[in-house]
Amino acid sequence: MALALVRALLGPSVYDRVLAANMFGTKTVLLLAVIAFLYGRPDFLDLALAYALINFIGVLAVLEFIRRRAITSAADHNTGS
Amino acid sequence: MELLGLYHYWIFAVLLMIGFYAVIAKPNLIKKLIGLSIFQSAVFLLYITMGKVDGGTAPIFQAGVGDQVFSNPLPQVLILTAIVVGISTTALGLGIVVRIKEEYGSIEEHEIQEIDRQ
Amino acid sequence: MIVLFGIFLLTLMVITALAIVQTQHLFVAVILAGIFSLLMAANFFLLDAADVALTEAAIGAGISTVLFLGALALTAEHERAASANRLLALGVVAVTTLIVIYATFDKPRFGDPEAPVHQHVAPWYLERTPETIDIPNVVTAVLASFRGYDTLGEVFVVLTAGIGVLFLFGAKPRRKAGPPRLAAHEPGDGLRHYLIPRVVGRLLIPFILLFGLYVQFHGEYGPGGGFQAGAIVAAAVILYALLEGEAQALRVLPQRLLNGLIAGGALLYGAVGVAGMLLGGSFLDYSVLTANPVTGQHIGILLIEVGVGITVTGVLISVFHAFAARGRV
Amino acid sequence: MPFLLDVASWVLLSLGGAFVFIGGVGALRMPNLYTRMHAASLTDTMGAVLIIAGVMLQAGASLATIKLAAILLFLLLTSPTASNALASAALLAGLRPGDTAAPHEDRGE
């Protein structure tokens, strides 16, 4: 199931990787839900719930990061290295 | 099958060493910190692996279900706290790196040493 | 089948770790570290450690990425290539790997119930938890009651780390030569202009907070507890800060209050211990808190988890603000 | 009846798995970021809905079903948002939708 994703992990540009990370998050949620049932311990769905809730904070942080960098590098052209 | 039983430990060893490599070979301080957290994760994995018992489930009693095998709760307790402590210490490390960047203008190890030598 | 799945996940982890070390782009490394943490959590789950997996989920999914990105924004995004002693390092690493792998041949087989780890105190914990503490989650019982000292120590480490970060960033940045980082143009209003994330985020924040509270107080019955809840609540506040800008978040939860939270949580923990002493037990012995020892344990664990949760929340939020505020200077 | 439910849930699970797989392949094979994103969102919607519906049938009416419904709801809320945020980030960083050749690593700097 997650096999296709491994290859996405090696994607060419930075944003592909973010995309892959996001997909990975969704897949982990699904995976956890399925495994919880394979184990017969449905009370562990909390975990998947936690992921579903906070997984996208990372992506929002990326957006904020890029936005900041865009603002700073618009002013002086040598941020970063 | 006998060898398969040790696979987890091998992965642990390999991960540990990947982290270790990042710490000793990469000059970049943030990379070192990421390496350190990989190293840390490897140790976590080792502990949790040791706690696993065949056919066991997580050590939470279920009402009405008797006679279950539970995995070892002790390593889990240790690691649970260690993860949170880990992120706090990583944050501290990042704080130091940022301060170094402000003082030296670089986060590469050899450049910092260069500046120090002057 | 589950074992095979575990092996698959572990292999993925190694690949990800290699990619992290190999890439020169630190931003990519941080994103990959996020994936690494996801894999790690799934693995913990497979290894029966639901509590640990929840902790890793709460920390790794949001907060560590945010912190690393915050640090990246303040430093450089690329690392320089070339280190002179690379071969030497590789050699050392290879030799150590071989030694460690050689050592693993002495390890008991994976999942062996006869392994030495399972012979020592763990059975005792499993046996005693129902009668002396009477809560279903053994992990919480061991964490908060049997090994309360350890946890107290950990809380103080978190506290110290938080104080350390606040001290480090307390110093005013010295203006170095070079182009000044522009200040006027950076209002720090977060993602206020991005409508969709903002609306959805605002919708979700209450649910995240609610879920945090659920994890906090459900910790005795299912996976959860103060550490996880603290991280989740902190994630909610950080989300708010990302959406509305740090200034707004600081207005809602001022730094003074956060400082109070950081110290207050640890103090609450300590106070519970001292209360036990005053009532005639030993430090962190909750059985004396009420007439019934088992109820006493319940109350003690509840209070301690609250203390832990408060401290963790306070520290994580303050650290985030420290990084974010630094970026705006 | 339980048998029927079982079959239905397995059908849903495998369908969901197929969608996830297709999404993965798409994310790998599509020419540039924005089309890749399009493929990836397949996982987030169809895959998630089907798999969680499948697990729900296994669970029957219980607390777990409610939790699953909550997970589904939050997934459906968050992942499009994340995609949107990512797309804005990429656009902000100057990645044009037209470019077929994805710029190797980050430009500028």
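We call the chains A, B, C and D, going by the order they appear; numbering starts again at 1 in every chain.
Here is the rule we go by: a residue touches a chain if its C-beta (ideal position, glycine included) is under 8 Å from a C-beta of that chain, and two chains touch if they have at least 3 such contacts.
In this text the structure is predicted, and so the values were computed from the model without any measurement.
Under the touch definition stated at the top, subunit A and subunit D share these contacting partners: C. Comparing chain pairs A-C and B-C by the number of C-beta pairs in contact, the larger count belongs to B-C.
Subunit A and subunit C have centres, each the mean of its CA atoms, that are 18 Å apart.
Chain geometry summary: the mean Cα position of subunit A and that of subunit B are 20 Å apart. Centres computed as Cα averages put subunit B at a distance of 29 Å from subunit D.
Look at where the CA atoms of subunit B average out and do the same for subunit C: the two points lie 12 Å apart.
The multi-chain contact residues of subunit A, meaning those touching 2 or more other chains, are 2, 14, 18, 20, 41, 43-44, 46, 49, 53, 55, 60, 62-63, 67, 69, 80-81.
Listed for subunit C are residues 25, 27, 50, 72, 76-78, 80, 191, 194, 197, 201, 204, 207, 222-223, each touching two or more other chains. Looking at subunit D, residues 74, 78, 81, 85, 88, 105-106, 109 sit in touch with two or more other chains.
Partner subunit A is touched in their complex by these residues of subunit D: 13, 16-17, 20-21, 23-25, 27-28, 33, 36-37, 40, 43-44, 47-48, 51-52, 55, 58-59, 62-64, 67-68, 70-71, 74-75, 78-79, 81-83, 85-86, 88-90, 92-93, 95, 102-106, 108-109.
Across the interface of their complex, subunit B is touched by residues 3, 6-7, 10-11, 13-14, 17-18, 20-21, 26, 29-30, 33, 36-37, 40, 43-44, 47-52, 55-56, 59, 63-64, 67-68, 70-72, 74-76, 79-80, 83, 85-86, 89-90, 92-94, 96-97, 100-101, 104-105, 107, 109-113, 115, 117-118, 121-122, 125-126, 129-130, 136-139, 142-143, 147, 150-151, 154, 157-158, 161-162, 164-165, 168-169, 171, 173-174, 176, 178, 221-223, 225, 227, 230-231, 312, 315-316, 319, 322-323, 326 of subunit C. Residue ranges of subunit D in contact with subunit C, taken from their complex: 74, 77-78, 80-81, 84-85, 88, 105-106, 109.
Contact residues of subunit B toward subunit C in the complex are 2, 4-22, 24-28, 30-31, 34-35, 37-38, 41, 44-45, 48-54, 56-63, 69-85, 87-92, 94-99, 101-103, 105-108, 110-111. Note for the complex: subunit C touches subunit D at residues 25, 27, 77-78, 191, 194, 196-197, 200-201, 203-204, 207.
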